[in-house]
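As structure tokens, the structure follows; a few thoughts come after it.
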Amino acid sequence: MKIGFVGLGSMGSAIAANLIRAGHQVRVWNRSPGPIGELVDLGATAAASARDALHGDVLFSMLADDAAVRSVFVDGGALRHATTGLIHVNLATVSIRLAGELTELHETLGLRYVAAPVFGRPDAARSGQLNIVAAGDAGALEQLQSLFDVIGQKTWKLGDAPLRANAVKISGNFMIAAAIEAMAEATTLAQAHGVSSAELLDILTSTLFASPVYKGYGTLIAEQRFSPPGFALRLGLKDVRLALEAGDTRHVPLPLASLLRDSLLEAVASGDGELDWAALAKVAQRRAGLDAA
Amino acid sequence: MKIGFVGLGSMGSAIAANLIRAGHQVRVWNRSPGPIGELVDLGATAAASARDALHGDVLFSMLADDAAVRSVFVDGGALRHATTGLIHVNLATVSIRLAGELTELHETLGLRYVAAPVFGRPDAARSGQLNIVAAGDAGALEQLQSLFDVIGQKTWKLGDAPLRANAVKISGNFMIAAAIEAMAEATTLAQAHGVSSAELLDILTSTLFASPVYKGYGTLIAEQRFSPPGFALRLGLKDVRLALEAGDTRHVPLPLASLLRDSLLEAVASGDGELDWAALAKVAQRRAGLDAA
Amino acid sequence: MKIGFVGLGSMGSAIAANLIRAGHQVRVWNRSPGPIGELVDLGATAAASARDALHGDVLFSMLADDAAVRSVFVDGGALRHATTGLIHVNLATVSIRLAGELTELHETLGLRYVAAPVFGRPDAARSGQLNIVAAGDAGALEQLQSLFDVIGQKTWKLGDAPLRANAVKISGNFMIAAAIEAMAEATTLAQAHGVSSAELLDILTSTLFASPVYKGYGTLIAEQRFSPPGFALRLGLKDVRLALEAGDTRHVPLPLASLLRDSLLEAVASGDGELDWAALAKVAQRRAGLDAA
Amino acid sequence: MKIGFVGLGSMGSAIAANLIRAGHQVRVWNRSPGPIGELVDLGATAAASARDALHGDVLFSMLADDAAVRSVFVDGGALRHATTGLIHVNLATVSIRLAGELTELHETLGLRYVAAPVFGRPDAARSGQLNIVAAGDAGALEQLQSLFDVIGQKTWKLGDAPLRANAVKISGNFMIAAAIEAMAEATTLAQAHGVSSAELLDILTSTLFASPVYKGYGTLIAEQRFSPPGFALRLGLKDVRLALEAGDTRHVPLPLASLLRDSLLEAVASGDGELDWAALAKVAQRRAGLDAA
């Protein structure tokens, strides 16, 4: 298939590379040209602009946040130049509000919009092991399945309304943050009574909590290894804000998300915004006066 | 071995039954005589009093809370009548403070005290699949291993100081409560955007959160099945109080535990104290005005 | 002076009326024409549009929120038609971000922008007893003083940067919300031990807390009198959001504001958004199961 | 009258001195003998023991906390030696649970128990300007009125049940802590936007919040003057715990009290337990990264 790909951060580049390797014709574009060369070496074509990437069968985009998506696709009117019938697959974690706006905008322009946020860190993207949560037009989803099979281990389909996929992604990221905070506080409590984080988490993540999130972040916490970040804390803050905003519009109080926001803000204020968000553990320790140890 | 067993609730009875079936001589006692008959049928002897259960090699106790432990073992002075060298294995979830007091008391009386709180619900107790977190005298732990192998799938040893086992148990239960609250809020958020709890949790507990705690409580939440309780909400509140108390004595702020306490209190105030603590989901829904649906 | 006045809700109308009574020539405009007639009867002129109100010496505006301010002054470009040198006095509670944008926009257009949010309910507006927190160009503030003296009991000057006045207003409203929540929880606690809200608040608001905020909202809580609202709960939620947003941009965690947001959302979800925000007391009572009484 | 007085900290000494100056015969006792000399110089008699102070018409006690009260009056059985008909006036802030126990104990022994916790710092105690919240037997309250008039500016009577007075005191102290936290967060927010604490609090505590609590603690916060403490932060933590405990027994969730507990614990963990509890402001600033400024 002819594929456009916009947004080549560590996640986007890894996904685009897999599409290229699977034999698709991929036109890539990124605001900063850095990542483009490597993909061209793999066989991609460099698009001259975002607009120039909108002329294939499918457009994938993986941009950093709502502002980047608005800037590339909404503000400049780039989508008006897209090939009719194009399927736009938005892999990014965006707000539910923006998902609704984009759905409407694409419909107006005769394009098809699929929300397909993914769970998985860059290494999962590289190995094609992402979990893809997809929602949008059923026909489009069917056409996309062979592509999804290239980039992910499983596609979870959530029906016609794209924003439902974003609701799942936002809820899932909120649950990850909650799991980190729970481990942050629990390990601090245990530590205060002479049990190391490693001892506690070894037991719990081998038994009741034997799952990727707890094992992965548990290891980072036990080893106090927060850099380089798998997922930067300031991006985690962005995602918790998305959960709070999604709650706010429907009058859903989320006290746990509020707590996470305050802890993440405290981490950013102390200069830890670029660490992995497992560094919530540092906040819990500092509050207990155990950080100097 | 000659074993005394005090405290025959659903957990205690199931554990005692496994010890009997393994061929040990077990003298059982319980405040209310109800559960004694069934164990006698399996081969146990009925002790005339708690004190009468203190004359074997090992005493197991599985009492409801600190107050029950104090009432049976501390206040009346029953332990003064125990056989010298007796190993007391306390399976219950008690406070770190009480663990410290009991350690000292047994030492004074020439007895050995092992804290061995367990992770697992009654069905795991029945099938001998508990996870046992044990701390105390190394020699005692060695002697106990064959018994632990009868009642649990694995024993996690935490060294000499009994209270370290309690710190792990309390931290672990706190993490379970946090996981339930996270699912409670996340499913309410998703629901407000048209995604059912079952849809959300099916995805998340098959992937990132594929662990017993999330799968088990996730199913209860998705099915709104809170009765009969596997673990009653009011007992969960008790355990969160233990975490807060353990934090308080060491000046460890635990904002997530505070939040849990307030949500659990709210559930009890609304009459749900005897439901499974997965009923935290009802609190989140009510706060969002989604409970009438 | 020749004055334009845009935004004639209960606060705006009361303030405009005082300016008219003081002998000024006031051109008034409001999106819905309802409140205009009464002011015309007092001597005002009806402006044909918001733009038509921008031709005097001073423009006062008192619009509901950021969105209304943007819609009237920013989006349509109305300010480009203002008389050069016009002083725009924004009495409304707007975000710090918008205050910054408006400051820049007015400067670009050769206009002067003064932020002058007020403390006081409609009755204080009617009696000219508002507290005015003003910041902006020193010369403009001097020119405005005689007008401020008509509408308020005191003007608190905060220097050149308009957004500093908004920071004070937002912080102050946050403190009011916090006071209400404190009374809400404290009266519920007392009530659970047999002390009525009236007994508790009579003592405290006559002594340690003898101030307008506590006396005023304390009376509403003691009498459970939440309608008609002096200040609607959903507007209080808007203001707490402004505090959280102002904190977020500077990485200031505000756990108390987060708590207020969640409680206010819960109140809105239960249908109480149009009650006075003293109805936070209902939330506290419901959580404790004391609302049916 | 013949008065016994037990507990001579800064509050107790000041109150006892006023009773002596008013011409009463006062027998004083304190665990550490330090403060006794000064009162003897004023005309008091030194009691040989707490028990020795129980032989007058009235016994006042002002002990630090529940543990001290239990130790002096409950554990040793001292009250059994009191003169029949003695009125025991407990001025201290104790738990509602202990208030109930003491009520019962005195009744059993033929003594009269009055709870009379006071609002006011040591300077108010010295000048006889305390606010006294009293509950207990009506006849006893009548007999005590002339004494209350010596030590306080006003007595607030709350009926027969002593614990109602404690409920008011605990609720009031909780509200003070909440006011401090609100100022702590609000001043940090303002500061982050260039408004000093002094500027903000000068406006607010002269207008909406013009009350002793806000003026007093506001001054400490604006001047960052936390030592010597008027009321030590660790005692504030004790009082917030009393509120939480009082809520817990009646299933009253108190999220604001939970938040206060966590902030106070954080302050203690950072070594600020002996500062005035206005030092909550330091916690808010540190969380925002503004403490180094």
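We just call them A, B, C and D in the order they show up, numbering each chain from 1.
Quick note on the criterion: a contact is a pair of C-beta atoms (placed from the backbone, for glycine too) under 8 Å apart; a residue touches a chain by one contact, two chains touch by 3 or more.
Here is each chain with its UniProt name: A, B, C, D = NAD(P)-dependent oxidoreductase.
On a predicted model such as this, the values are computed, not experimentally measured, just so you know.
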item	value
Chain whose mean Cα position lies farthest from chain C	B
Between chain A and chain C, centroid-to-centroid distance (C-alpha), Å	39
For chain C paired with chain D, centre-to-centre distance based on mean C-alpha positions, whole Å	37
Mean-CA-position distance for chain D and chain A (Å)	52
Shared interface positions of chain B, touching two or more other chains	247, 251-255, 259, 262-263, 265-266, 269, 287-290
Chain-level touch network, classified as line, ring, star, complete or other	complete
Chain D - residues contacting chain C, complex	96, 119, 131, 133, 154, 156, 158, 161, 163-164, 167-168, 170-172, 174-176, 178-179, 181-183, 185-190, 192-195, 199-200, 203-204, 207-214, 243, 246-247, 250-257, 259, 263, 284, 287-290
Touch list for chain C against partner chain B, complex	255, 262, 265-266, 269-271, 287-290
Interface residues, chain C side, partner chain A - complex	241, 247-248, 251-255, 258-259, 261-263, 265-266, 268-269
